[in-house]
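Heads up, there are several structures right after this.
Each of the next two complexes has subunit A plus one other chain: subunit B in the first, subunit C in the second.
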Partner chain A sequence: MTSSPDSQPLHLRATGCRTALGNARATCDGLLLGRRALQFLPVLGADGGDPVPLAPLPERGPAETAPPGWLPCLDALAAEIPDAPWGAARHPVFVTSSNFGVGSLYAFQRTRDSRHLATGMPFATVEFLRQRLGWGSNVAVLSHACVSAHVGLLVAGRVLHAGLAESALVFSFDFISPFVAGGFHALKILNGGMPAPFSDRATGSIGLGDGAAFAVLDRGRGGCRLAAQATYNEMHHFTANRPDGAGFAACLEPIQAAAGGRRLWIKGHGTGTLEAGRLEAVTLARLFPEAPLVSWKGSLGHTLGSCGLVELAITIEALASGRTPGTVAAAPPCFADTVATESFANGGYDGVILASNAFGGAHAACLLSHD
Partner chain B sequence: MIERHIHAVAIEDPGHEEPARTRERLRDIFPAGSTRRMTQLGLVLGSVLHPIAPREEDAVVYASAYAETGALEAYLASFPTASPMLFQTSIHPSAVQQVLIARERSVRQFYPLTGRLQLVAHAVQTALLAPAARSILCGGEERRLRLLEHDTGSPETFAFALALSADPSGALGTLGLDASDAPEGSICLPDFFSALRDRRPLREAAAPGLTVILSWT
Partner chain C sequence: MADALLVRLKQLIVDTLKLDDLRPEQIPDDEPLIGSGLNLDSIDALELVVQLEKEFGIKVRSSEETRAILSSVAHLAAYVRAHAPADKLPPLP
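This part shows the complex of A and B:
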């Protein structure tokens, strides 16, 4: 019997990201210092509205522009990607996002300026980027809300393990817009409070942040590897999980099996909502009682479909620096004793679990191992 | 070449049918009360997934270029008092989630893809490589005339679902993907849909290095 391709090691040749705190190195350094990128800004950007915690890229203004204000960020990120004939047959690209350029559709709706449509629909946004970044057309596009990046990594891994590619580029991004901020505000979880992930308090709240990241994968050895990947989709409710936490546990079962014997720390999803935060922290503490748990969304905000890849790039920087940032903005009491509110030395660990969740009770996780 | 055998094909081809008529026509296959908030795309996807009945251990691969354009359009119109219901319904994988949430049907593997010219190639690739005994490849679009003029909506409503496995016995056909030297290639979702509907074979370069092969028994 052959093992699942999702539990065969996948070499991470390069990673990088952009957040409101800068590139991966600057973001990790900022998190280690406890910096909070979130600030109170109008929920509808240039159209005003309630102040809510947002962490946009520093170079972006509040208005949706044509071309979008986030393009320079993606240009700078793409310049970090190792050279390869990306988008050719043996070097596929996997673009993942939840919202693509949906802020442009919002702007078109408001202004009827057709220039916004160049980055409106997902296929238009990806084609615009493909031409701008000089990629061929072997570009798969995946969109599974806030587990999009994980799903991209998983599908890319299968293509590599099947021998259909020499290397694969996973490229992920999501940017704040009135479309997205207005939606989470309407759901009342983006509100007037700053997020405090995994903290047991009266009111839950999330923040939203700009995020973009990439990973180059191949079947090489050494360095950092994705040792296992898993997903699970509860399909219990659009915006709630099963109250017994069964979906979290079901996703983590293959990861737990692959992690046997490793000393782990965990980068959780941890947006700042109460119910999901409690279920996540309690489930992780039960399955991995020795593993400290952190979330960085109390500083960076939730970078939506890109969060899995953004936080993977930060994790790799944290491993290089020897210290893991704690859960910025969290304070006791927390939902589990394993929640780490302060940074810690990570030299004694040999694995990291990274987990993300999404609408529909979607769960995704991967095990990162390193030499 | 990688391939799987086709064990079920389900098609919805309502074309220009109005959403209210689709809702009325398909009401009985959904749990009571669940169709009220479903989109037209959710309804037709539900119809094609109904006979195939996704199970927890299946891999579900979903392909749509435009996806929830009706919900998206209505959500944009709801500003400045944004609708939470339309927001969550407007996300790309919503159609399949509407169907499976209505039936509380968990699945371990769910892969929603979008794109346009190479969408079929990558959806087929994802379905064929999924480590599951049965892969369900489904997809579709809903008609949006107002959006069509800006190339942001589909001219037709349609949906399909295929059940795929490695078992050749009793198969209706085969879906495969062959590595090729083709530097380019494309198959759009409506073309793939019409080949399924008409039981027409396909052998076309669908993306760089990838040829999609559809054959019928």
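This part shows the complex of A and C:
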């Protein structure tokens, strides 16, 4: 229940991602054009069901296959990671996910084909990837629902600050499966409507998207840096946030203190649900009244435990391009005047806040600074 | 004579949510079910809606619709009457 600001800067040596729109550059370009990757697809994939907003990788078919259809995506993403003896003592890997290929477990339950079991459970999946990608044994597995990637960044930072590593790789993936989509559909928040994050409307909806990403951190200087990180867990209810938004504020206040007088823009969580979207937008507008707020989940869908790292990689591309994509699919009225529905030039800003939230009032945020 | 649908819905609420210390007839027709009144939370609401969908062949489309129909037993009954196939409903009083 405590805030944990990690205020010693960390150098972001490299980032990358894969989404339904492609790699980080292509994803950022697509968002800048206002492209929506989400499409209405059967909630249970090859097993059918109601049409809901999903954004799978273009190369994946609807059926769960063995090996999984998302493996080539991870191979391509891993090829972008700068060379280092990953998984060796001084170069740890932190693998974060919310679902770890649980679609394979669903496929095993449906078919009894044991080939699916190689990628159906967290530790088995990570071990499978470790061997496939040639990593050593210094690989940790972290999961905390939709703030998983932030937790990976936080832990990697602490290992670096403690002098236990020269560099650290945080690697994250989450892919749509009938098991997960069916679960969100049962909750009635993945429904027949496209998400419109932070829009004040009668009915909310999320979309789900495939997403994988990595970040390489070290203690170097220059470039982009994680200037502060914070997490907070409300312990209020096992799915809901405190209705007064205090949990959002508790996570963001240390980030606010670290930001000082910086001119900021904010990449929020913004899935398209109404209550959490309102709490997030209102709290951010109160704490950072001058900072434009965006979410990209109206295009890419929610990439669950990977969203923090996917959106970090897109943010780095946005900084390189000089323009920040707006909140695709959002339309006024919004929960706060700070919500940016259109893209904007980011050259006049000297910091970015990236925030993610999860079931049960779990919150995470970081401050990205850059030269 | 009591409305058979209201009676059935109250029994379903008690049974589904295992409200052992509550008799169905103690649930008022017009009090909120979520947040106050029975003080159900979102997980209770989900359990209830899943059971309602099974028993009455209805389809609730969103979490907002869930919240609206569970605003009271009377609202719930009106929704079920409007959306359930006739063969799933008890006769009108």
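Odds and ends about this structure:
Note that in this section the second predicted complex is superposed on the first by the 366 of 371 C-alpha atoms of A that agree within 3 Å, B and C clash if a C-alpha of one lies under 4 Å from a C-alpha of the other, contacts with A are read in each partner's own complex, and residues count from 1 in each chain.
We take it that a residue touches a chain if its C-beta (ideal position, glycine included) is under 8 Å from a C-beta of that chain, and two chains touch if they have at least 3 such contacts.
All values reported here derive from a predicted model rather than from experimental measurement.
Of the two partner chains placed by superposition, only subunit C is touched by A:Leu274; subunit B is not.
When the two complexes are overlaid on their common chain A, residue A:Ala186 makes contact with subunit B and with subunit C alike.
More residues of subunit A lie in touch with B than with the remaining chain of the pair subunit B and subunit C.
Once chain A of one complex is fitted onto chain A of the other, the partner contacts of A:Gly30 are absent, as it touches neither subunit B nor subunit C.
In the superposed model, A:Gly351 lies in contact with neither subunit B nor subunit C.
Touch criterion met: A:His237 reaches subunit B and subunit C at once. Looking at the shared chain after the overlay, A:Gly298 reaches neither subunit B nor subunit C. In the superposed model, A:Leu105 lies in contact with subunit B only, and not with subunit C. Within the superposed three-chain model, A:Ser205 lies in touch with subunit C and out of touch with subunit B [touch as defined at top]. Taken together, the two complexes place residues 186-188, 237-239 of subunit A in contact with subunit B and also with subunit C.
Of all residues in subunit A, only 186-189, 191-193, 202-205, 237-240, 273-274 touch subunit C in the complex they form.
Chain contact summary for the complex, subunit B toward subunit A: residues 2, 65-67, 72, 75-77, 79-84, 87-89, 91-93, 97, 100-101, 103-119, 122, 125-126, 129-131, 150-152, 179, 182-184, 186, 207-210. Of all residues in subunit C, only 41-43, 46, 49-50, 60-66 touch subunit A in the complex they form.
Put simply, subunit A touches subunit B in their complex at residues 4-6, 44, 47, 49, 87-90, 98, 105-106, 108-109, 114, 117, 120-124, 126-127, 136-145, 151, 155, 158-159, 162, 164, 178-179, 182-188, 230-239, 247, 250, 359-362.
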